[in-house]
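Two complexes, one shared chain (chain A), two partners (chain B, chain C).
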Partner chain A sequence: MTTSTNAPHTPHTPASGAPVRRKEDARLLTGRGRYVSDLVLPRMRHVAFVRSPLAHARITGVDVGEALATEGVHAVFTGEHPRIAPVALRARSALPGYVETDQPPLARGKVRFAGEAVAAVVADDRYLAEDGAEGVLVDYEPLAPTVCAWEEPTDPVHEEAPDNLLLSRTFRAGDVDAALAGAAVVVDRELTTNRHGGNPIECRAGVARYEAADRRLTFWSGTQVPWIVRTQLAELLDLPEASIRVIVPDVGGGFGVKAVLYPEDVALCLMAMTMPGTPLKWVEDRVEHLLAATHARDHRYVLRAGFAADGELLAVKADVWCNTGAYSVHPWTAGIEPLMAGGLLTGPYKLADYECTVRGVATNTSPSGPYRGVARPSTVFAMEALLDSGARALGMDPIALRRRNLILPADVPYRMPSRLVDDSGAYEACLDKAVETFDLGRWRAEQTRRRREGGWPVGIGVAVYNELTGLGRAASAGPRMAFRTGHDACTVRVQPDGGVTVFSGVTSQGQGLETTMAQVVADALGVAYEAVEVRIGDTDESLWGFGAFSSRQAVIGGGAAHLAGEEVRGKALALAAALTEAPVEELDLRGGQVYMAGQQKPVISLAEVGRVAYLQSDRLPDGVEPGLESTRFYDPIRGAFAAGAQVAALAVDPATGEIHILDWVCVEDAGRIVHPVIVDGQIAGSIAQGIGGAMFEHLVYDDAGNLSTGTLLDYLMPTAAEIPELRIGHVSTPAANPTGVRGVGEGGTLAPNAVVAGAVADALGIEIDDLPVTPSRVWELVHP
Partner chain B sequence: MKAPPFDYHRATGVADAVEALRAADGEGKVLAGGQSLVPLLALRLARPAVLVDINRVPDLDRLELRDGVLHAGALVRHLGLAAQDRHPLAAEAARWVGHTAIRSRGTLAGSLAHADPSAELPAVLRACDGAVHVAGPGGRRRLGADALFVGALQSDLADDEVITEVELPVPDAWGFAEFARRHGDFAVVAVVAARFGERLRLVVGGVGAVPHLVDVGDLTTVDGELSQDRVAILAAAAADDVDPPTDLHGSAGHRRALTEQMALRALAQLAGHRTPEVV
Partner chain C sequence: MKTTLTVNGERHRVDVEPRRTLADALREDLGLTGTHLGCEHGVCGACTVLVDGLPARACLMLAVQADGAEVATVEGLAAADGTLHPLQESFSRCHGLQCGACTPGMLMTAAHLLATDPEPDRATIRAEMAGNICRCTGYVGIVDAVADAAGKVRRPGPA
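On to the complex of A and B.
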């Protein structure tokens, strides 16, 4: 028997669920990516920012004479420039008590953190621009800096907030004091978590070009959120939205730090508007990135929990301080971390009595903003630390204690004490599979053997977490902002030759969204994956998308792609039915061919249908317009919680503090998986980033507000050598959205803080209260 | 992160390099592998008026063993040092320098001239009681390891001198142990142990301004086998002998403890003691 790979009766093989060759690979894996950093335009000039060397100071004078006299320098801008001075970024929220503050594109009057842009130099190339930047002489009158968010300030960062408190909110459910009074054991923990930067391989980058004749601004940017940027720029620059085009070509990583509209972005566009026809380019270098891109996770937690004798979690009372840095990050506000911390602290555990006061405190440090996991790597650490303390106090197995309190399938939908509604319930399934894969019994035996026979002590760490993904309008990201980020749009167009072009509002920073969207559309429409081309990252091409954050794009952008694909399929079949005089309900579209039920040969191809739709209007049935496309929005209304569990075994040398990861298992519920390799890549990458945060990465300010970790020599990113072989498993409970997916972009980062701290504590019989868990810190704890 | 303006001179020979450095009047810098210098330029922490590139100077990449001493030209790269088997200690230490890309360009002589007290190769030079050959306007001189390193990132080299060759005596036995935050990082603490006859030289990197030669009197004279007891005594004495700083990657106390632990490992390796599998 022979078979032909092109046999017309071959049923459609779904693209979703298969590890298809990624659409991006030909560009990104062969060095042919097109990044903003690579962009060269005629007459383009380069920008270097002059940054404040002081954390907090009044600006008493800026002398740009020497800079302007530098070879190759064309212009120098300061915050007092008439086009820049009236503009301020102001992150708005209707949250009660939130103090709105202004962030100037270039510092005006005073500087609020070391690294804040004070002036900008435009020159023929970046070298000359940096030469010019050295010639900008700024006089400062120092003010007392505040670095720590839980110490009394001397000189407030913003006059509007004399105590530096930008926002505070108390989450309250039940009666926490009564519940604590009735608890069999009460445990207390005081924890701090460390300060991280995003550190994508490609730092921030932008090119702005303004054409005076038609008042059009084009902004090439590495942003994760092009439509948000367009809307905000229109307001700040006083331009019609349609006059701004944001183009996002290939982007070398984002991790949240590019989901922000930065003062440098606004300054670049404002400067370009004063220099019509001259494109201005700024590519952030690593020193600037560490100094002035958003930071995250500089938090303090004061916690108390009560447990019943059988291990039931009865009450959690928490006070949380989040260091929001010098400015309320635009447009997400200073609420981004504190509100996430208070909303998700209890994680996947059932709890009735909860009280948590969160605060966003301004300091003279780089603003904090969205970074993969937003607050939850810290809150999972806090919650798991409480459970570990509870298990010790009760003499209970820590995994059994967790199991006792997990939200179970029967509890779903579960209303968390913060009133978020959890739709997952797969926590126990993830934990069970993780523990089984890990082989807990073997590791417990090894732990005992080493205690008896010697060798580095082994500890076991565990964390269970819920990743809030694909937030719809009812649970939208951001605190009562002027916009709701629940929806995205997608246009699916069948071309006259039957090819399919997808114009999606998603953005990709390397996570393969072109591939994912193509898979979804191929299956929804009934064409081969190879026939689908995806266009993203251009506000003039696609209709709308909020962009990449909150693990939202597979859920929301994918939902829109699926709906648009389905709708075009309906249109194509209706036209095919008219052209073939067949009943539409007996037609099926697979692999780009239309089949009649019971027949092996196709009755018409999608290419033929497309040709008629665009070129042969004489063949169109009455009332049918030419063209073959559809645009749909999708909003999941709530969102999809994604469950996950991680378990690891670590060995620790008490003599040096050295930590070796021996085994690491992660099981997540990604719902229905679209691309298994991309999904595992997201999980592995986020665990690596989490391990980096737990053990290596730490942005340290000295008391004067100088960043002590200003290069990658001191800010330690994990390398392949530091990340162990990860064993990744899945459970699958499809979510109630068009494609059944749950987001996977962030989940992996949520556990490593808790897992590493828990395992080291378990190995040495100590408590870890402060992150990161470094050899030095471990050694100090063992040798007090 | 773009270098400030500088002039570039491609040296055709050692004399030409020296003349270019002399003409730069204290504002010249030798460019060999560039693995420390180029980042310093990009950060504008170094501002030489002239870079004197010695990469095209002939015959500086020689590597040969003569009379128990490895002679390495100024352009011998870390990768070349790691690949040779005539000086196994230097080969091992070179493998701990950075990553492949760094090792393929970075040079032994450059690392010594840069004099980073946390770098591996300065500690090896001192443990082996090696020396550098230096060319300058006044002629050539030979500078021993103890005299070469005068402070953190400070050597005894004059602004117009260039290292032409490194001498590394091959020890009878050796041990190398390093504690770093990550694979490829500079050492938090590194210990190099080298034995020449009855004489033991123990050098600790990362605990002071220069690689620290442990001075514990007669303890470093060993007749015959190095016993496990002596290893323990020596390691504890080494820890007492250092006065380390505190920084982001380790407190003074932690570094002192690391000195003892790394000394234990390095000396056990030197003595050929079996060490238990611990991880």
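On to the complex of A and C.
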């Protein structure tokens, strides 16, 4: 952070902490955004994929004759094309027992889920490409589909895994059976959570262009992970990494669903390489997105917990099944959900005796992948359900029971039973503030009044959660993969006119990271926010960034931006000292001007320093190279746990099952906050997605593996009419990283499953075991 | 089919297939990519434009159906000199947008709402904006922005 101790009279306004105007807004509000869907290139052609109508079948023949004869169609590709057939996406992990399987860019030999791409048609425009796609005739020989991850398969999805089990792991700490034997009460729950997905408003999109003369591939993509995509493409396409440029312009939402390298991405690039000089564009439509973009959270939990008479949580024993769908998601593997579930199930609660077996099971459904919160909306639901059952069995207040077991400030660093190290301990502070803001007493009184006087019963739901954010190399995301995602890079360059350009490895799908990075650099360097321009999303411009996942970018990308800004500041001051013949320790850089201690007027401007650095090397001191920039990496080594608590009151109509949200309070510890409005926007948006998953969103397959919620008429996402006014509060425990921030991208999604289920259960005196909590499910529970 | 589209006051003559949607004609034929497509089956509202002053899903309307009509898109909201429309100002101030994908549809729906009801309360805003899905904001900033802009929209601007 910039300090102004040397010249207290000069005004200085830090950009961090202020709700500065977002740099993205001017273009996004006027229809001048630059999305992949908007991109037009000379000679560009359009791609439509032919997708399997069956969940599981052998492909016995593909006839592309009619498609090729269709007006405007230039090419049709199948999985047997000589350039495509040898290529397979293979999500790798060194985890013992993990079964590696291949995912072809276009199906080869058989299809494994309804919606899998079987062929691709290239035409003059998308209408003609879809005409051509209708002419591709595929013969299938059906196989028995498996849809449910906890039922025995008839025909396995992959030969390598006859029981469909791609991964299994048992987390163990202490002696869970002994602890259960000594418990005053033991409770059992069996829960399922509902398959749903990210559904950003902009679906997936890509444009691939290959220039044969210099063997260069440019891939414009909405990906959240451009550098990972570049590395993986280099391997899959057999190109030097430097020959691939991934450009990510404006992106219309991601939420994890775009943090995956998809078979369609690889197919598009391979096809472009066979058609040099012809850019190929594919824009996914919503029906394709619902069918074939990654899904999440199709889980089953069989749970047992033991409590002491005073409410102490003594033991948790869990069996978990996660439906990983037809393929092990690239590059994260089938472990993404099960390992997160087993690692974080116990959440913010102290526990010594723990045993949890998690499984990743292949089925004939769309692959599961990262979605905001990864598994924890399900595990928080599971953990809070156990605590609610425990409170009922003990006759204890559910909030008091939670307090009894929370990891407290005195306990940190706290080693969780899964051996993750919690550095937060702010859970009770969040819960206290949430309960106070919510005014628990008032709602309890209202609950009692309605029970006495009538009206829809009111229920109160509560959940406390820990969000593991900004993971460094020691706690890096992903199960023993070939890469560790602990670091990002940032270059800060002072231009010859004193302007500042930041080349950051972060990517933005709406989080406003151009703004956040500019704030961090403005303060670290000592210039105005307005003077900083940020470039992101181009692998040829910035050095490195792993991308948007695990709530990592403000922590890690922000850390790199701060370090690089600070280093350039040092260089600029050293040069200023040489030019002004002043001692460097007497100089300070603020608002783009260099001040000497005790003086009101600047001694030199950053613009002048920049001019000398680039244009007047004759004025440079001996040993100082021209130019004025720094590139730094940052890795937090561990991570920053972010604490949160949500409390809500819901009213339920027992006659119809209709649910109204009456009040919703969330308190989170975001550490030090760079942009307060962006942070609250992240929290509000993630709560809304959590409420969507808890009450509305459900991707339903029938027994034959057909997706029966294939449009937005069936897959319901909440609107302004369903999401209530949200009351968001903060406690602030700065994290041990350069900017003190904790990640906020996902925490809000973690609680709503537990809060909604807990509140409806509280209102009606029932137990909710299956999500989503829809009116029909409530009606069925009330009318058994 | 020869079709005349008047978009943001400017007349365009296009030759389109009868099946071409208004959204595709705006985006592909006229290069007005501010109108976004989110579902192409009329649910998400991202493609909302005003046709003769009324909100329409540009994905469900054929370009030929707009022959002779006045179409207003997000590109026409700001003044010619770049001065933002009060709704655009309020969306920025209240963080009514994150990724910007739903934003054009939100702005056009809100513009119609404020044209017909200059001072809506929050419940009305929530009900009237319920035809547009946002996946980022949780709607807090959007409702704040429309409420913030209400009353400012009809104020006469500087001459």
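We adopt the following convention: the second predicted complex is superposed on the first by the 774 of 784 C-alpha atoms of A that agree within 3 Å, B and C clash if a C-alpha of one lies under 4 Å from a C-alpha of the other, contacts with A are read in each partner's own complex, and residues count from 1 in each chain.
FYI, a residue touches a chain if its C-beta (ideal position, glycine included) is under 8 Å from a C-beta of that chain, and two chains touch if they have at least 3 such contacts.
These numbers come from a predicted model, not from an experiment.
Engineer: Classify the contacts of A:G657 with the two partner chains as first (chain B alone), second (chain C alone), both, or neither.
Structural biologist: first
Engineer: In the superposed arrangement, does A:Y35 touch chain B (first), chain C (second), both or neither?
Structural biologist: In the superposed model, A:Y35 contacts chain C only, not chain B.
Engineer: In the overlay, answer first, second, both or neither for which of chain B and chain C A:R21 touches.
Structural biologist: second
Engineer: Counting only touches as set out at the top, which of chain B and chain C does A:V700 meet: first, second, both, neither?
Structural biologist: Once the two structures are laid over each other on A, A:V700 reaches chain B alone.
Engineer: If you stack the two complexes on chain A, which partner ends up touching A:G455: first (chain B), second (chain C), both, or neither?
Structural biologist: First partner only, chain B.
Engineer: Name the contact category of A:E780: first (chain B only), second (chain C only), both, or neither.
Structural biologist: In the superposition, A:E780 touches chain B alone.
Engineer: Quick one: is A:G253 in contact with chain B, with chain C, with both, or with neither? Answer first, second, both or neither.
Structural biologist: second
Engineer: Contacts for A:G512 in the overlay, against chain B (first) and chain C (second): which applies, first, second, both or neither?
Structural biologist: second
Engineer: For A:G79 in the superposed arrangement: first (chain B), second (chain C), both or neither?
Structural biologist: A:G79 contacts neither chain B nor chain C.
Engineer: Applying the document's definition of touching, compare chain B and chain C: which contacts more of chain A?
Structural biologist: Tallying touched residues of chain A, the top partner is C.
Engineer: So which bits of chain A does chain B touch that chain C touches too?
Structural biologist: Residues 127, 285-287, 711, 713, 719, 721-722, which sit in both footprints.
Engineer: Under the stated contact criterion, what part of chain A meets chain B in this complex?
Structural biologist: Residue list for chain A touching chain B: 126-127, 130-131, 134, 285-287, 454-456, 651, 653, 655-658, 660, 662, 696, 700, 708-709, 711, 713-714, 716, 718-719, 721-722, 774-776, 779-780, 783.
Engineer: Sort out for me which residues of chain C touch chain A in the complex.
Structural biologist: Listed in rising order, the residues of chain C that touch chain A are 17, 19-20, 27-28, 31-41, 43-44, 46, 73-75, 77-78, 84, 88, 91-93, 95, 97-104, 107, 122, 125-127, 129-143.
Engineer: Show which residues of chain A lie in contact with chain C when the two form their complex.
Structural biologist: Listed in rising order, the residues are 21-22, 24-26, 28-33, 35, 37-38, 40, 125, 127, 198-203, 250-253, 255, 285-287, 509-512, 677-678, 680-681, 683-689, 711-713, 717, 719-723, 725-726, 748.
Engineer: Could you list, by residue number, the parts of chain B that touch chain A in their complex?
Structural biologist: Listed in rising order, the residues of chain B that touch chain A are 1-5, 39, 43-44, 179, 181-186, 188, 248-251, 253-254, 257-258, 261, 276-279.
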